[in-house]
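Each of the next two complexes has chain A plus one more chain, namely chain B in the first and chain C in the second.
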Partner chain A sequence: MDLYSAVSGLVNWVVGGLFGLVEGLGLRGPVVVFLRDLYGSLEHAIITAVVAILVLVVGLLMVVLMLWIERKLIGRLADRRATMLGIRGIGRGTGAIQLFADAIKLFVKEDLAPKKADRHVFAAGPSILVASSVLVLVAIPMSEGFAASDLDGGLIFAMAVFGFAPFAVFLSGWSANNKYTLIGGMRSATQMISCEIPFLLSLVGVVILAGSFRLVDIVHMQGELWFIVLQPIAFVVYFIAMISEIERIPFDLPEAEAELVEGWQTEYSGLKFAFAMMSGYIRGYVGCALGVLLFFGGWSSPVPAYSVALPWGGEFSGPVPELWFLMKVLLLFMVLVWVRAALGRVRVDQIVNLGWKRLLPLALFNIALTVAFLIFAPELESDTLAMGVAFSVPSLFLVAMFWKWGWFR
Partner chain B sequence: MTQADYLPVAIFALVALIFPFLAFFATRFFRPEKPHALKAQTYECGEVPRGEAHIQFSFQYYIFALIFVVFDSVSIFLLLWALVLPGLDLAAKVSMFLFILVLLAVLAHALKKEEALAI
Partner chain C sequence: MTQMWLNMGPQHPATHGLWDLFVRVDGETIKEAQTKIGYLHRGVEKIAENRTVEKFLPLNDRLCYVANSSWTTLFVMGVEELLEVTSPERAQYIRVIVLELQRIASHLVWLGAYCSDMGLLTMILWAWRDRELMLDLFQFLTGARIMHNFPRVGGVRNDLPPTFRERALKAMDYMDRMCDEYELICGRNELFVMRTKGIGALPLDRAIALGATGPMLRASGLERDVRKEDPYLVYDRLDFKVPVGRNGDGWDRYTVRLEETRQSVSLVRQCLQKMPEGDVMIPGFKMPKVLPARAVYRRAEDPRGEGAVYIVGDGKTNRPYRLKIRSPTYIHLLGIPHYIVGARVSDVPIIMGGADPCMAEVDR
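For the complex of A and B:
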């Protein structure tokens, strides 16, 4: 079932019903005819807008789910239970309504701005951040049907919009006229210049193998073998650079709360703080979703095809692809939470050196390895398992040697 | 690729821009407005703030920013090269690596200036 056809059926049914009601009441005139013509010409745009709002709502629900998972899992990893707020009957002891309580609290808080701040830029910063984070969702397909758009350059588009956030962070940090926010904004810029390049270069190997920027094509190419097997180095580079791009521990330098109070968000209160928080999680979702699409086979099922006859008739052949996709995304996100619980924050010079002297050569090395395999062993392409072994064993061996030589220290 | 493919992107961009402004506008009816001179002060851990933050900030890593501009365009170049790679002949495949090797030599030379920052 296509998302667009489902929504257009629904919208046409509702609008047709409304027009039927109006005409049933005997209201016929130039106005009704004009409205009908208007709807006829705008139908496609209206349906697209409804799809956009639907995808936005799904993204926001994922944010709620990820926040809850993060709190509970980090609590367990720190040997405590984390939030347990709940009403009798609705998930008591699970913290199910904590997030809604937080949202309501932030919604009714006073909106403060320092007198010395550059007022307009200060207000625009979080809005730009949220808008740019939300816009990436348009390029992320959850399955062949559930996609807001099907762009030929979907991967490039997602990367372009994804890399926009440090600019908004920098604007906010500068405009607040506070020393902490200024340092936080500058650190965000530093982090962007150190990890954006390896982030982009880690995709080159995947693009070589898939031969397309279309995310649907990239997922289809992983039908037999996920790219994590063929491109293990690319995944490691992607994962580290992605954590840096979404500014989570161990790379959350822009908001290092031990040194900079709350970093670039220090002066934000109420809904603007909520925006800053929310965009971080939307970016976390997008980063994990791209990682799943590029390296973990997207929505394809990880188990071999099967089907079980159900007692009430019909057959069950596994969950819907969207569910597989979301499960993989959440599993990858749980690894991020695990990393957060395990590691401390790095210094600024460490992240710059990591990006330019470790990740960048590693990403280039991976490209060279991929091209060398395409040149010297093109006949392997027919046998996917042999190709996987031929790709992954030497690369893992070389990374182990680098480790032994102390290159990562 | 047609213009119709990008219609969802344009509409989604509108929705994404309207969403934060609408949400912020909606809080107007719920949030209190009690201005106070102390609330409008810049936060500096409870101290009376000193001086300005709109200064000429000394950006320590400017050399990386300069190289970043070069490598950012190179990475897009590499992505496009990767897209058409199977159709290229051997010389085109290999000459890209010569190009990257030259860039890496330049990078190593530029980073000599930053050696004080080595881990």
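For the complex of A and C:
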């Protein structure tokens, strides 16, 4: 059962109950008939809206969780405790309510704009950013059932919308009429032209293996072996390009706080800044979620199937698939936090070098390798998986040797 | 493409202190730069002319907020040379301990700030965490963490506290381990290498022409250290190496300063071992009412380079007739516009930070 039919059943049950109550009270007439007709024609829209809100809420809750994990983990890596804010009874000393405190603070802050800024574009920047970030959530299934939509070209849609953010960053950087924001916006554009192409090309191998752009299909194809084993180079390219796409250290050039104050966000305050910040984390979630869907088997359980008889009857055969999915996403995100704690920021010419001279050839090499593999084993079956591993291990070795020869510098 | 002027300061996270670097950028490339200093000018040299030497001592601590005691010690050494007195040997060892602890603390602050300039924020917290140990030692020895006001004309204020030796040795062992750890997160870090190698290179001839001293000059490849050339205090009795770089770029500045930290750790250990018993002040010494009508020029190896004081006594009062302070970073800062040209905007904080500016000392 997918999310749409579940919500539709729920909404129909509630609305039907309401109408039944109205009729039971003896109220009949043109108004009730009109309301029934209205509901009949709006049913699809209402259910879609409920589904969308549900997916959005889950996404935002994940953002809250990720922000908290990032703060605590980066604090621990820097040998400090990070946020400790909590109220008695609710996570005292864990920083559980720090985010809500921050959100309230940003809500009540004055919304400032520079005098000479292009006000409309200045306001449009964060809006486009948040809208495009949230829109990707639509395409991401958390399990076979839990998805806002099951698009045939889900991956293409996600990539198209995901690549939209640098445009918003560029707009807001230019509109603020500040030299630092202008440079930040320009850097965002530079970063996009250098890392967007390898980012997309890294997915081609996966799509060739899965034979579909539908994310559910891609996950199903990884039933026996995750694509990280078959496509290690693709994952390396994807991961590096993804960090650049979501603008985190080491590729957070547009908001390099050391030289550009706060980059393109310099002039934003209050809610607009909160939006800019939040969309960064939504994009982080989306990037990690796509990584999990494409390379780590999505919601499939990493442990072999088992079942334990529960003392109160019934059987327990592992947590729900959505939970596996979210756990994998958070683990991947923790790697991002680790990278942030361990690395600095690259220079703008270095990222162009990296994108065009390193990641792009690697991605193309991976595509060639995948095609060669498919010539030997046209169908991805369990007996050909060994061959896939035999292909991927030397390729990984080759990449390691490139690393050792300093080709990535 | 249109070029524009960009302010890197004074209210900018990149500036290490209150100064201004205007850069003319073409896209991201720097075509021209100018410095503007003086935001922190307090007229310290003029104040010194109106104060007795004892009253001026605490102000020396304010000359640099990162390496306080090195300036006070330098001034005290100058006055001692003017008065032709020599402080007891134990006092000199204690001064060296303070100077070297100060050097470690100063280099840690520099390393943290340098890494945060390239976004490596973990390092700044590690460095400041370990600097706390030095500050704890200072607090134990002098009673203050930053503004120690510890050296006196004719010695130092007090002897080492009873358990200072053990605590200091323990801290030095810890610092040895930590230096290896910094090496792991900085020196073996691909990104750190990428961001520092070849950045802000100052060739040796230009470094000499500029008048660079200290780690900046040594990074460019000249082995020159006042502690070796013109030994003061007891440095001639201690065994240490002077690290030298090759290209004078950001990477060499890092390696030189990290190695200096290691040498300072070993110097503190040696001092604690070799230190004789005895007085820490010249017995019965009193500050004379009149400074002799002479001039002395005393230099010393500040963590940032060669610091020097030029003191003129007038033979009538115990106020210096003239005090001139040579600040090493003043010279380095004025050189930055020459060797920053051609770098990227992203390199600006790294090049600025490589000089380790301490604005209180530059503006005086």
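In the analysis below, the second predicted complex is superposed on the first by the 389 of 409 C-alpha atoms of A that agree within 3 Å, B and C clash if a C-alpha of one lies under 4 Å from a C-alpha of the other, contacts with A are read in each partner's own complex, and residues count from 1 in each chain.
The rule is short, and it goes like this: a contact is a pair of C-beta atoms (placed from the backbone, for glycine too) under 8 Å apart; a residue touches a chain by one contact, two chains touch by 3 or more.
Since this is a predicted model, take the numbers as computed values, not measurements.
Using the contact criterion defined above for the overlaid structures, shared-chain residue A:R88 touches neither chain B nor chain C, since it reaches no partner. Contacts of A:K179 after superposition: both chain B and chain C are touched.
With both structures placed on the common chain, the touch criterion links A:H120 to neither chain B nor chain C. Once chain A of one complex is fitted onto chain A of the other, the partner contacts of A:I208 are limited to chain B, with no touch recorded for chain C. Of the two partner chains placed around the shared chain by superposition, chain C is the only one that A:E259 touches, whereas chain B remains out of contact. Within the superposed three-chain model, A:G344 lies in touch with chain C and out of touch with chain B [touch as defined at top].
Judged by the touch definition given at the top, the superposed model places A:D79 against chain C, while chain B stays out of reach. Judged by the touch definition given at the top, the superposed model places A:P250 against chain C, while chain B stays out of reach. Ranked by how many residues of chain A each touches, chain B and chain C are led by B. Shared interface residues of chain A (contacting chain B in one complex, chain C in the other): 179-180, 186, 261, 348-350, 409. Across the complex, chain C meets chain A through its residues 4, 6, 8, 12-14, 25, 27-28, 115-122, 125-126, 129, 185, 189-195, 344-349.
Taken together, the chain A residues at the contact with chain B in this complex read 44-45, 48-49, 51-53, 55-56, 107-117, 123, 126-127, 130-132, 134-135, 137-139, 148-153, 156-157, 174, 176-182, 186, 189-190, 193-194, 196-197, 200-201, 203-205, 207-208, 211-213, 261, 266-267, 270-272, 275, 348-350, 352-353, 356-357, 360-361, 364, 367-368, 371, 374-375, 409. Contacts from chain A toward chain C in the complex involve residues 74, 77-80, 179-180, 183, 186-187, 249-250, 252-253, 256-261, 341-350, 408-409. By the touch criterion stated above, chain B contacts chain A in their complex at residues 1, 5-9, 11-17, 19-21, 23-24, 27, 30-34, 39-45, 49, 52-55, 57, 59, 61, 64-65, 67-68, 71-72, 75-76, 78-79, 82-83, 85-86, 90, 93, 97, 100, 104, 107, 111, 117-119.
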